[in-house]
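Labels for the chains are A, B, C and D, by order of writing; each one numbers its residues from 1.
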C-alpha cells in the first residue's frame, strides 16, 4: 500500500505532528510506503513529490509549519484538474491520500472522493470553526499566544492609563477572540458573529476609566460594526493599490476610540504569530491522535471520512460534515462570558 | 444569599480563576454576598474567614496558587468536626458552600451534603484522574510544563549521547506522563497503571543508542517495577529519617540505567513546578467555566453536585461520581501511543 | 530620612523591580521612610502620594507596569511647576527623590537638581538608547518578545511562501530591531539610523525567493525610506482625523512589497506587548541592582547622579550624561550583522 | 583556507549559533572552506568529520545542542594524541581550528596552540565561571529557566505553606543560583563559594513562616555545609553502586529541613533542562558575535586567542586567560543581594 500525504491552506501549529503520526504508524504497524505531495493540491496536480518516511519525520513534532509545504491551489479551478490528479496518483502508484487542511482543502477532498479517489481527511483550522469536531488543532496554540499578549498588556493598561486593542485571527468565527479574551481577562470582546456598536464600545471604555481601570479590548479580524454604526474608520476604504488591509480593524478601532473618548489607544496586531511556531501540548496531542486515526481509516478502507474529536475520543465522520456550515460562536457561550465584559 | 468558598488539597493552576468566576457572576448577576474560608476545610471548621468580593478577585485570573489558602484538614477526623462546621456556617449566615478540591476535599463535601449542608463541588486535580469529567483544570498546564522540559532535553540527549529521565507527577494515574511523553516525543513512558520491567527499559535504551539516537524517558512519580523486576534501586529503602523520598523514581531509574547499560543517565525532577504558576488558556477557560456553572448550581439550589466537562459543555453530576473510583489511563489510549515508544 | 519615588514615561518591564529594591534596602539597611508619588512628575506636582513600604513592594518583582503609575507630565510646562514641587516635597518632609524614567523624566530631574532638589535618577527605556549605560532594563525583555515572534514566523514563511514583516519598537534607535533580528535570524533589518531603499529591499525579497526561501523583515517603527525612495505608501498621509498611525511602517512595507513583487506579504505589529508583562532575568537583575545602587547614592548624598551599567558593574554618572544625546546603533555593530542579511 | 570547527564539553544553549556565525561569515566574507569535527576533540583525534557549510547551518540558530556533537575526550590522555591530531589536520588540509568549549576543551586548545596548532577558542559554560569575559553564552538561558521555575513555585509556597528547594547547576561557582535567586525573589541562596550552616538555614525558614510567608531556597548543586555543620543528610554517603547522586543536595536539604523544622519541604531538580533547548536573545546575540569575531581572528592569523565580552564589545584575549582560575561569585555582589535573603 502506498499512501500520499498533503497539507493545504494557511499555516497551523500541529501539521507536522499529523504527518509524523501518519508515517510512524503507517510504516511500523502497517508496513506502508509514503509519498509526500508538495504544496497542497498542487502536489498531486502537478506530480510534485518529496520523499516521506521515518527519517523525514524525525524531530518535526515540535516544529511549526509543514515539511510538505502548502498552497491554496484548487484542482477544480484548473482545466482537467481531476484527471491530472488521477493520472498522477496512478503513475505514482498511490492507493490512498491523506489530505490535511481546512474547509477548502477538505472541500476538494470531498469532491475527489465522490469521483472515486480514496481520500481520508484531517481537519485543520486555527479558527476552530469546523462543525464536526469539538476542537481543531492549532486553535489552542493561537489562543495561548493571544492570551500571553493580553497578559503582558494588562499592567501597561493599568499603569499608563491606556486603551489597548488586540486584534486576533478569526475572519468568520470569533472563537480565538472569545477564548483568549476570557482567558486573558479582557474587558470587551468583539466577534464577527455579533456586530458591535462603536458608541456602546466607547461607553464601556469610559465607564472603565471612571472606575480607575484601563480597558483591554480583543477584536476578531472579521468583526464589523452594526449597520448604521457610524464608525467612520471601519468603512473599508481602499488604499491606492486597492488594498483595504492598511490599518485593519484593530488599528481602526484604536483610532476611533481615541478620537471619540480622548483616551490614548494603541493596537497590537498579532497576525501570523498566532499561526506559526511550536504547538502547545494539547495541539500536539490532538494532531498526533488525528494522524494515528487517519492512517487507521486508510487501513480500514474507510475513505471519504475525516477525523473529529468528541470528548476525549477520536471519531470518524463523513468528510461532508467538516465542509458544510461553519461552526460559529455559540451565543450561549458568548453570553456566559459577558459577565466579565464591560 | 451568602455563599462560602474554599479550596482544598494540593496546588493547581486555575484555582483563582474558579474563585474569580464564582464571585464575579455571584455578585453581578445574582447579587450574592461571599465569605472566603481560609485553608480548605480548616476555614469552616475553625471559623477562619477572609473578605471575598469583587476587589479581592481583581487581577487573580492569571495567578497560580489560591488566594484562600489550602490545607488537607479533614473535619471528619476531628472531634465534633461536622457540628463545628454547621455551627460556624450558621453563625456566619452562610447558606451555601462551594468547595473546590480533589478527591479528599470533595469526599468531605459529599458527606457534608448527606448531612444537610448545601454544597456544590468543583473538581480539581492536576493528575486528571477524576472519572466524571473529560479533563480537570491544572492538567493542561502541568502537561505543557513537562513537555517544554522534554523539548529542551531533546537536543542535549542527541548531542551529548545521554539518557535523560524526566520524573513527572502522577501518584496513581499516568495521565501527565502519557500526554507529556506523547507531546514531547519521549521514547519511553512509564506509568503507575503498567509496572515496568527494568530489563526491557534498558533494552530499549540500548537499541536506541544502536540507532545513534539518545533516549528520553518520562516516568510518573508513582511508576513501579514489575514484581520480581530486580530493580535494586527502587526497592524503597528508607533513609535515616524513615523517608523514602531521597532519590525518587526518576533518580533511581537514572542510576539503574547507568549501572546496567554503562551509558550516562541524568534525571530531571520537575516536582512542584508542575503545580504552580500561571495556568494555560485551556485551564483558565475550564476553571472559569466551572466557576460560572458552580454559582449557577447554587442559584438553582442544585446541591450535592459537581461540575464536569463533557465535550465542550459543562454539566452537573452528582458529587459522588467525582469521588468514587479514580480515572486511570485507558489501556487503549496508552497502546495507541506505544507506536512512538521504543 | 524620607525618600520619594516616582516612575515616568512609557511602560517598561523592570520598573517594579527598581521600586522594590529601593524600598527593601532603604528600609532594612538605612531605616528610611518612603513616599510613593503617583503618575510620574504629576505626583510631586499635585501632591498625589501613595503608601510605599515593605508590604507594598511584596510580590511585585515579576510584575510588569509600575505600582506607582506613570504619566508624561512635565512640571516645567506648568505654571509655578517647580515651586509647587518644592512646596509639596517640603510639606511631605521628603528629603530626597528617586526618579525612574527615560529622557524626559530624567531631563526634568536634571533641571530640578540644578534648582536644588535632591534627586537621584534611574534610567529607563526599552529602546536602549541612553548613552551612559551599556544596557537599560526592559530592553532585554522587548528583544526576547520580538525574537520569539520571529521564531514563530519562520516556519510559516518557509511553508507558505510568504513575506513576513515584523514591526518592533524604536522611534529613534534601531537597537530592538537589530538585536531581535540578529537573534531571530531575520533576513532584513531596517532601522531609523539607516534610511532604506525600497527597491533594494524588494530585490532582497525576490532574491531570497529565488533561493526557495521566504524572507522575514524586521523594521523599527521609526525606520524611514531614503529620500526620493519612491515608497508611495510611507508618505505619511494623514487620515480623516489627522492621524498617521493607521497603518504604520510595518503595514505599509508589507503592502508595498506585495504590490511591487507580487508575493503575499503580511505584517505583525507587536506594539505594547513589547513593553508590558514580566521582565526577563537580565532585566530583573539589572533593575534590582539599579535600585540598590540608587538608594546607596541617596545615602551617600550623591545627588544629581544616575545609575549606569558598565560591564558587570553599576556605576554612578552625572544625570546630564543620560539626558544628552541618544545612543544610536553603532554602524560597526550593524555592519557586523549584515553578513546575515539578504 | 580550510577551517575545522569542534564543540566540546557539556551542552550549552548557543553552540549552534556560534557554529552558524563562523560558517556564514567564513564562507560569504572570506571564502573559506569548513570541516566539522564530530564530538569534540574526538573528531580531530580520530579523524571523524562531517560536512559543514551554509546548508548545514541553515535553521540552527534557535536550536539547542550542537550539530557537531560533543564529548569529553582529552587527546592529552591518549597515546600519541597530539601527533594523531596533527596528522589528521594535515591530511584533511585543515589550516586552522575553532574550538568551542569550556575549561577542559580550551585547556586542550591552549596546549595544542603551544605545540604549533592554529587554534582560536570560543568560551562556553552555562556556569559563567570564566574569568576573561563578562558573561558566557548559555548562562542567561539557564538563569531564565531557573527563574521561571521559581516564579511558578511562589504561589504554591504561599498558598500551601511549604518550603520549596530549587537545585540549580553550578558545581564550583554559584552564578546561576545567585542570579536566578535574585531574579526570582528567593529567600535563601546557597552557593559553593560560601558553605552554609544548616541551623541558620532552618532558622531563616522558621522566621519566614512566623511572618506568614513560605520560603523558597535556591541551592547550587555544588553547595556544601560548613565544616562541622551537622547536616546528616549531606554527608555524601554512597549508594550500592558507589554513586552519591541519588538524592542530590536539593533533595537532602529538603529532607533535612523537613526533619528539623517539621514543615513540609519539597525539592525541584531542574538538571539538564537548564542546559538544553533554545537560547535566549542575549545568548544568541553573544554566541553569534563570538562566532563572527572568532572567524575574524582566524582571518587575522591571531591564533592562541579566545573571544571575550567586555561591556558591549567582543575582544580577543589569550587562551590562557580563559583556562586559568575560575571566576567565582564576587563576595560584594553576593553581599549586595543579601538584603533580599532571609
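Here is the rule we go by: a contact is a pair of C-beta atoms (placed from the backbone, for glycine too) under 8 Å apart; a residue touches a chain by one contact, two chains touch by 3 or more.
Note that the structure is predicted; figures quoted are calculated from it, not measured.
**Student:** Would you identify the chain whose Cα-based centre sits farthest away from the centre of subunit D?
**Tutor:** If we average the C-alpha coordinates per chain, A ends up farthest from subunit D.
**Student:** Go ahead and note the Å separation of the Cα centroids belonging to subunit A and subunit D.
**Tutor:** So the centre of subunit A lies 40 Å away from the centre of subunit D.
**Student:** Report, in whole Å, the distance between the mean C-alpha point of subunit A and the mean C-alpha point of subunit B.
**Tutor:** Between these chains, centre-to-centre, one finds 30 Å.
**Student:** What are the residue numbers in subunit B that touch two or more other chains?
**Tutor:** 151, 154, 278 - these are the residues of subunit B that touch more than one other chain.
**Student:** Taking all chains into account, which pairs touch?
**Tutor:** In this structure, the chains touch in these pairs: A-B, A-C, B-D, C-D.
**Student:** Provide the residue numbers of subunit D that touch subunit C in the complex, in ascending order.
**Tutor:** Subunit D reaches subunit C through residues 24-25, 28-29, 59, 61-62, 134-135, 140, 143-144, 147, 151, 154, 179-180, 182-185, 278, 280-282, 284-285, 288-289, 292, 310-312, 336, 339-340.
**Student:** Would you mind writing out the residues of subunit A in touch with subunit C in their complex?
**Tutor:** 7, 10-11, 15, 63-71, 145, 148-149, 151-156, 158-162, 164, 232-233, 239-241, 243, 245-247, 251-252, 254-255, 258-259, 266-273, 275-278
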